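Step one of this worksheet: look at the structure below.
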């Protein structure tokens, strides 16, 4: 039996009203150093450069994912019956800790430093960390179960589906949360009704046919959030400068090694040597920003300029790419004043609001039809069918300095 | 010049914050008997039988339409410049008064009594009414201009577009308002951003390309409201009973004329004689319900039963029609206990969330592309294109008593 | 054991998300004719003449009170333990049905017709009604228990406290609901937190000391709603005309009896004879308004004018009474044109946001202090103490026609 | 004349819908390095340790204050008329920039390092900064005017009143914003109505008597936010550890100077030497947190422990002080394990929700009574009078480590 807290702890949350914590192991993990570190990493990376109030952290989001998982189990008879108490604690922990390996600014940082947040999540769960010790002390072997739910190797696909299907606690929390903190309405959908219409069938979470409109609305919410928030070109501009700065740092190993001394915090990441859990723990957005502060006074002109741009939001402008000729023309122009390696970038984004078939059946969304059959969402919904088989929306832009 | 009120009048409204009234003629029309009558007609007819809080009136909605028109002009430089003060007052009045000819429960009542709310709106504007006198006193001839905007005969299509295009003040208010009062989220969209992205081009209201996602969201909001609220089968069940009751009343002229004496208020409507503005004024939902109260004690068994059902919400059940055979089978069964004329009904609903081509260009939604061209919405948006060219959603049901 | 519904029924509600119905007897009472009748009576009487969206019914409010009682029991361990299943069903029914005896426009109607909604609530619960039959069929004797909770004679004061203390489900629902439907923010307070901080001590519901700020906020919400909504002089003006019309009707028994024939629906009420449950059932706001419609064409000039005022919102104006001399002066002036009996009224309102001592201990609000003692709210809160012992706010106005 | 931007710029904001920027000088100041730095300082200091979503920055708040000032001028005829275009631009800048001198965690940092944000705000406005250059380039001398509005030396008190009276744009934005981002409802009040009821009388902003309830509600919102958010003991616990860490750092100058080398960023602050604008610019919450990261591995045990506590939210517990004896007792106990200088603290908070008389008449709230007189709020409102003359609420606690 898992120990319960005497009086349920609650944390006020604008999205869910309250986050409810019943199990001692959950409470301890929330208070662990690795989880507290998520306060220092923003959920939306550079998006607060566009939506100035999108300053919320992965800490808050992770609590939200946990809470949705908790409600899925507590309020839905089908799910409650389908899983054991141990699996229930494991999936709660998986929801809470699924982002624990994230670094600062996610993509930009990872792509250059060749780290991988999924790898680190697993490492933190399974190796030498406070979180690992807390979970193992509660029940030896539990941390492996949690890790297997997160990395899709757990034999019970239903558990994985709860935190990383296409209608999972992760996506549901971030849509609502990002909508709230950006102040847009695009991400809103009816969470209450989704939770009410979930059922378990053939050990898979399905949605009752009466809930199909709510799911369509959720798919559209994702679609709009991608184009209005996640792919906003201003945020992409900021991320491109971030990437360029890290690329420059890496190139300085050869071109200007002295300059790296002023930013010891980036050392192990630039050298791509094996990053330890301890290195990873120290690398957060505060650390990065202090690094940029140091670089804004360093001796490398490019690093000085790029870090100043990051600190003061002096971004690259952007332009739609209509033909490839304009790329070359622009490059020639930019290269007259700037090192083209760091001051020019093309970037294409493409998005499918929903993918009917992926690696496994647990990632699709399934509808339990009134007639007793189960249909994959795009076969049950005209709208989603149209979306999936219609033309994809994509957008290609080039980014370069104003002047 | 149109007389302004000394200090702007405001009416608190949950959708718009405040309704702002600046012109004396608007204020007087709001206080007219014909406009005050709209308090006695629910905006959503029978929907409050499904969503118990959808008790809002056409009065509130009409104020909301007026307010959106007002903001379109006051806050949008393009529109402000495009229309004269007289046209501006005329279109404000058209927004305010576009529903003034409505009767109780709209469809059910109109279909049987062969009245037509558009005809009555015109009549009230142009003939012997308080509203007519107020407007004509303000400027002789103005009531004709207002009527022509409402009935699409005004030479300036832009004015019509503001109150009855597919992205007009009427639809925008009712989506937001119906969402608020039903407590659903489906109808929400970003009104602020729609208003901000409207432009005038070739004397037509268009949406800037940057606003296209907001318009897609609005189209989806309409789509969902139709299926979740407006076409809800429980509301249709109530409306079918309403229709049946009025049909029975009409048939009683021959079959049981004595019974009509107890409901004098329906007299002129049942007889289909020329309905006067005065008859129309007296016919509201209070009057109908009092009539049902009278009928619930009358001597015609069918009227007694149907009115009781309306008063106490004892509705017909419904079933999807899968093949025509089941219709006949059910009819045979029902007719053993009930008069099949009044106790069985099939009903099909079909909806297109957006129609790219209708009678005139002012009803479509137009997008001003970044490249300077203007595109019809379904050509500019992949999503709307998919919706328009995908399969239509329709639903056919049959309705009959429980027992 | 009380029969539960197979799958919990839910009704969407903007205040509570959903109303959850578990017991068969609750569902049947909701569908009874007496409860459905509450759809035809507005929660706030004439307030929609000020706040045009305050069109919500006692039906919606009653469901809300039921839902808060349900949550008090389901979500609060202390309360769940303190009461038996039978008492729990009884208090749920008491919450649902506490307003079932209400007539139209409450005060105005009751004062003239000398009916009393509390008396009728008891009558409907205990005598010949559908609601009575449903409850008695579920468990003989249960209707008496429900009635005793409503009329404060039940031996267990805790049950009464849940639906008519000063921090009860009734007040909590109407504050939130009236705030939502008027579109004001004054009535908002943190219901979630109130529910979380309730405890049972000495068989009395108390609030944990940590919840004291939430309760202060609730008291202030009440205070503001009184002055901004419930006592709004425009609504009082409408109610005064209502009263005057009913007074005139009553006086016509002697002065102009012929005129009463055109409003048979008011007959038994004007004659003050014993009002039957059947009379009461038929008397709702639709009936009243149809009556006003009839009176607006009747032969009594005063009734004609007053009913026209009610239909078209042509209200009396109002003025603060500063000294008694101005009353006399105004009366002389008004009486030159009008019958002073029906065209002049003074009206004083006074309100205490909270009353520390009333008839019984269950009506006060109690705080369970951290030190283990229990204090009455005004002793535990400086703010409430100041309010209770400060000067009362009152307002005296006179009302009379414009011209 | 001040240059306007061609097309008004808007920034989406959850509190105000949009922030509207019309003047070129405002837009340039928003994009200045000093203003962008405010993204790196949280509005509520340590409160996000209690309310985990209170992660919003002074950047967002400053934009909000600007927007309220803008609306005060644009939407209120009285204020629009009362001030010149130059004063209007100056007060907009004052609203935008009033917090520009803030350092990290405000109180804790300032108290130890003896810096003062007001002094720095003035310095940045008047000395060598990007903001200073932008403003002076727009109009020589303008920066002095802006500074004088902020520091209360401008001859026109009305301008000061707009940004630092007791009903000013600063307080109004932070109440609404802090309520939104904490997810509490306590801070909500009706901003729209406050703005609508402001008037100018004797060159002072007053509130029309009809707005008095809205102002009472605002005062109560402040009261509740203080006790529920700003004075929350957990946040105070965090702040006390912050203070203790900085005190220890300062003491290390003598006791352990070597350790300071690992935190060069704190150097000038600890030495209390003249802090330059450049030092100040670099000191933000990212810098502090990176410093704590460094200290968590340093050689001073106390610094190591305190910084670890700050990083991992391992806070001091707290207890109400009932008598002074318990302080001494606790100190003895704590000092057995800990250096009492850094591991024990008493803290008293006291708050008046409104102060009728302060240094000057512009800080009070004034009500324009219907009878033509002007009254100070606590004389016009019974409730506020009770609050001001009632007993003050205060709270004294002691803080120390758990173990």
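Letters A, B, C and D mark the chains in the order given here, with residues in each chain numbered from 1 onward.
Just so it is clear, a contact is a pair of C-beta atoms (placed from the backbone, for glycine too) under 8 Å apart; a residue touches a chain by one contact, two chains touch by 3 or more.
By chain, UniProt protein names: A, B, C, D = HD domain-containing protein.
Small disclaimer: the values here were computed from a predicted structure and weren't measured.
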Per Cα centroids, the chain farthest from chain A (HD domain-containing protein): C
Of B-C and C-D, whichever chain pair has more C-beta contact pairs: B-C
Between chain B (HD domain-containing protein) and chain C (HD domain-containing protein), centroid-to-centroid distance (C-alpha), Å: 32
Euclidean distance of C-alpha centroids - chain C (HD domain-containing protein) vs chain D (HD domain-containing protein), Å: 44
Multi-chain contact sites of chain D (HD domain-containing protein), meaning residues that touch two or more partners: 17, 184
Residues of chain D (HD domain-containing protein) defined as touching chain B (HD domain-containing protein) within the complex: 10, 17-18, 192, 196
Residues on chain B (HD domain-containing protein) engaged by chain C (HD domain-containing protein) in the complex (per definition of touch): 11-15, 17, 31-33, 36-37, 39-40, 48, 51-53, 55-57, 59-60, 63, 180-184, 265, 282, 284-287, 289-290, 293, 311-314
Partner chain D (HD domain-containing protein), residues of chain C (HD domain-containing protein) touching it in the complex: 184-186, 188-190, 213, 216-217, 220, 223-224, 227-228, 320, 370, 382-383, 385-387, 389-393
